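What follows is a pair of complexes built around chain A, which joins chain B in one and chain C in the other.
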Partner chain A sequence: MSDLSTDIAIELINVNKNFQDFIAVNNVNLQIRQGEFFSMLGPSGCGKTTTLRMIAGLETPSSGKILLEGKNVTSIPAYRRNVNTVFQDYAIFPHMTLYDNIYFPLKMKGLSRKDANSKILKMLRIVSMEGLEKRFSSQISGGQRQRIALARALVNEPKALLLDEPLGALDFKLRVAMQTVLKEIQSNVGITFVYVTHDQTEAITMSDRIAVMRDGIAHQIGSPDEIYNKPKTAFVASFIGEMNFLEGKVISVNDKEVKVKLDEYEVYCERNDNKYSSGDEVLVCVRPEKVLTNPIKKQINEVKYKLVRVVFRGDVYEITTKLNGNELKSVVSAVEWGKTHLPGEDITMGWDITNSIIYPIEMKKNIISYGE
Partner chain B sequence: METTEALDKKINKKAPVKKVQKEKTKLGTLLLGVPVILWLLMIVIIPVILMLIMSFKIKSGYEITNIFTFQNYLSFFKNSTYWRILLKSFRMAFIVSFTAIIVSYPLAFFISRVLKKGRSFLFMLIIIPLWVSYLVRIIAWRTILGNNGLLNNLLMGLHITKQPLSIFLYNNFSVILTLTYIAIPFVFIPLYTALEKIPNNLVEAARDLGANDFHVFKSIILPLSAPGFITGFMLSFILALGDYIIPQQLGGKTGLMFGNIVWSQFGFASNWPLGSALGFILFTIAAVILAITQKFSGEEGIYM
Partner chain C sequence: MENGLKFKNSGTVIADNKNSRSKKLKGERKRFSFLSIYSVLIYMFLYIPLFVVVVFSFNSSKSTVSFERFTFSWYIELFKDSALMSAFLHSIEVSLIAVVIAIIIGTSGAFFLVRANFPGKKFFMTIAQLPYVLPGIIVGIALLIFFISLNFKLNAFTIILGHVSFTTPVVLMQMMSRIQRLGKTYEEAAQDLGANPMKTFFLVTLPLIKTAIIGAAFLAFTISFDEIVITYFLTGTWNTLPVFIYGMMRFGLSPKVYAVSSLVLILSIVMVYFMAKFTGKTEEASLKK
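Our next item is the complex of A and B:
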């Protein structure tokens, strides 16, 4: 491995962007590695697209620096940056054939049609659009436009490819198919991909690393595994996947774990960067699929909650239990759930300390809930 | 339980029913169109046919005889004054349209794509002259360009000239200038619409793919605003080609246009058949120009 700085393709240092009074991007620091599939994930208006546009050069940061391969490009215009973008609605030039669309960036570089031909044909092959190059964008489907946009952005062999919700306009099946296509193309060309999406499943399945953003702040940057299993804030925990949030009070704290009183029970959580002391109100979090119902082996954390409802989801049952104000959900496979319990019955719910996450109660307001 | 085959049959049976419904709505829309067709017949088609019939008659003495003849059309081709003035009108209409586009394009570009605020206000400013009477605007130009006019007073006031210059009025220049002024809103509106319609993300995509401002303009803005160009050019060309009031008011002896000749046949010369023939020639030319531009702007469909 060469030294660290050359391994970083894109770096954002203390980047801010304000639109008049509105803070779109708030002091974001990012390091995107060479050849990485990096996603920016967050609800709409979180600043992910603005961040991408600043990397592309279509937006100038209000303050901070953007480096491409160690070179400061903050004030360099988009047309002189060696990164290309696939836009949300593809932005295929309607007055040019698909062939001319892909030729466009090469033409801007001063290549003649003749010299560009082999590159264009190669790109058409990579995105499986051979034979359609004489058509116009109005004569192809959404998925095909997507491929052309990809080919056009990649033909110049940019240092990084920026994708702004490229699959947002496609229907579900095509979206899943295009996810695979994108991943394959990325591993074929070996170019850094910076991918903006609000779809958590998309981000988790495709990315090497993810930055989860909200209100212009990057809440957490890490691998999908870290983001899912060790969310740093309650927002990240609630935005990605399902999460139980239970309210409790700290009993005691040591280097490794926090002991919390949850109703009449005592549960343990792994310690994290936040500070806790006894008496603090806290949120105890655990993913539904990590909660065991009627565990055979004794678990470290065990509570007895009242069964509220059972929802059959096909492959699994979703069990909802309640005690006082706390609601605890568990996802159980159809084989494990014996249908023997009735609503109102007490059920033992158990989970391991490694799956038990703790947050200060102030973070409660950051929880995103879709039901309400 | 139904087999898939049976289901297929059911679906296929349903399909033709839909078709019948479609035809029904077609008949309905046709009926809705009847008033429009009647209207068109009354104010466009019948007058044109009447004019066409008139153009084949001939004037003898003070009466119009009902003989069917090509005499009027032949006299247009025989008499070089007629088609020379027609050619000159073409030339002037072309200059007018070209100038109007050159003037309107930067304006339309600036208002539709550069300005962020006050767009509709500026748009209104350009449209407002259309509310003022055509004749008033023409007379206004006469007072600007005349011997005792604004321009001459200004030049004398600045001591550039000692005497009023008479080169501004009663010639081709004053006709072209005024026609251009009249044509500008008609060119501006389609240009503005076309420019405003260009999605900003195409511009951003071009910039992202390595195009600087010049190339963005040349490769994206200009070709995508072509429909506005064509429509604007056509409108102003037809407007200028057939006009007779501006040449009459500001053209003097040299600024005569084809419209004046047509007009004089109906008035001063009182030769309605010849006037109809000349008018019909002008009408045919305008229709051909319209048809050609229609074909070009029809291609807009594949862009948008």
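Our next item is the complex of A and C:
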């Protein structure tokens, strides 16, 4: 453990946070590695901000421990923790110039203005805000404010930088531009970033690892690839990307796969941590872009569903098919879709076992349907 | 065809609207002129007496009916009247000290009331307003009974305490709304960046609520400076200016009373001007200028 702990920047052990009788964070365990871009992703109210504030020291856990570089900091106040935060509304002090805002944390460390100057100018350069340092927060744009908040939080070279939806207030174009800027700054300074967002695309494109949260519970912690391709719960599967959820019944189980009866068809899913036995009702999941329509090669899982609707999305067609209660969507490139099928026709849909995920039926209630 | 019909219908509706609107406008104009006469009367009612006081303070004769000759002599006499001058200084003294105490109690109280949660908070806030809201007579009598039962001698000290009691709620209200608006983010940001609670207060919180404090101080001073009812109950031989003026009037109205009233009026206007300049203005807004 000791050799590992040097690599771990932030660790949360069984952390709980209650507000009166409301559980905002429910037994969260996290290990964030040194230099990692770690995201906390989840719908509104799932406890992301609360978790971040506990790491910053602005909120005390009701129970559990928080370690920074192996040291227990649970009861150490924010001003003595070597982590800094970029707040959602940036919190640039309005009564100070931008220069003095960046000087503030250095001043708290006892640096004179003269000694701090070169550091401040360097930070201004990193966030491309040179020349604007004499202005006040009210005289710059939202994107610029975000850069100043970043510079102010980074100038002390903290062990970790905590960012609470730093791009939430920006318009789409600026958001995408700032994502690149943030990512670049992070790899330049090599500081651990803990990034809170409810935007799945942002989390997936920027992060080394993601914790997907809901109702105070961390459902899954893993790389974007794991989260997307091997979601541990139906909630994670539905929250990130598009997902088909089909209801079926287990026929048989062996140590590698589960055979499921889906209407009159038999399909196979890879086994996972949940327990299944024959007769169980289950959810069979597959991402639309992994579903082939009229596959040329015979697929392990094949069903014949009725075509319901075709939606043109520019580069792709989204095909929706149905059988009984189950709806199956597929995304087909515009070239492949020959427009030869009419609604009501039967279409063969197929997918590989590696893309076929299974969950117990109880998880159905955790599916988030507002999707993207 | 159906479309055409609909269109026609909506056309007539628009025309109807126009008619009724112009009718309404005429009515409004009439009402508007009535309203302007009404408000002119009200303002005359309010301001003519003040105007008369100022004008007759420059009247050479003691008459309050006819103006004889312009003179500054009443003002000169004021400054020669040592009892009046000391009452004036007493008032300044009482108001200044009371305001300083009220600012300290009111501001810290405002932080507590905005940020702490305790059962009965709403009730407590109502109670805290009472000394300002209740009629001066009641507050005056209550304080008098209180001081007498404690065997306090009525002097400057009791007057100051009395003034603290009704200026503190004023400061409290002003500061509560500012602190509410301020939120906690700036202070949290400061702590996050390494400022201990003390530095956070002096480098971030205080500068951000500074103008609100100044505004509240001007408001409290204005209210305190011309307060008479409560002061009257608590005063011994030690007079404040309003009490002294009231005493002067027992010997009849004179241009001297007008002169001192005019000066108080001007002072109040200046105070209210500064108060308006500072309150309701956030530091963010004042920076933009």
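Assume the second predicted complex is superposed on the first by the 368 of 372 C-alpha atoms of A that agree within 3 Å, B and C clash if a C-alpha of one lies under 4 Å from a C-alpha of the other, contacts with A are read in each partner's own complex, and residues count from 1 in each chain.
Here, contacts are C-beta pairs under 8 Å (C-beta built on N, C-alpha and C of every residue); 3 or more make two chains touch, one makes a residue touch a chain.
If you're wondering where the values come from, they're calculated on a predicted model, not measured in any experiment.
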item	value
Room on chain A for both chain B and chain C (clash or fit)	clash
Partner chain(s) touched by A:Met108 [first = chain B, second = chain C, both, neither]	both
Touched partner set for A:Thr85, first chain B, second chain C, both or neither	both
Contacts of A:Thr320 with chain B and chain C, given as first, second, both or neither	neither
Partner chain(s) touched by A:Thr233 [first = chain B, second = chain C, both, neither]	neither
Touched partner set for A:Thr49, first chain B, second chain C, both or neither	neither
Partner chain(s) touched by A:Gln200 [first = chain B, second = chain C, both, neither]	neither
Which superposed partner A:Ser356 touches (first chain B, second chain C, both, neither)	neither
Partner chain(s) touched by A:Ser330 [first = chain B, second = chain C, both, neither]	neither
Chain B/chain C common contact set on chain A	56-58, 77-80, 84-85, 87, 89, 91, 93-95, 104-105, 108-109, 136, 138-139, 152-153, 156
In the complex with chain A, residue positions of chain B that touch it	199, 201-202, 204-212, 215, 219-220, 223-224, 301-304
List of chain A residues in touch with chain B within their complex	56-58, 77-80, 84-85, 87-89, 91, 93-95, 104-105, 108-109, 136, 138-139, 152-153, 156
Chain A residues touching chain C - in the complex, by the definition given at the top	56-58, 77-80, 84-85, 87, 89, 91, 93-95, 104-105, 108-109, 136-139, 152-153, 156
List of chain C residues in touch with chain A within their complex	185-186, 188-197, 199-200, 203-204, 207-208, 283-284, 287-288
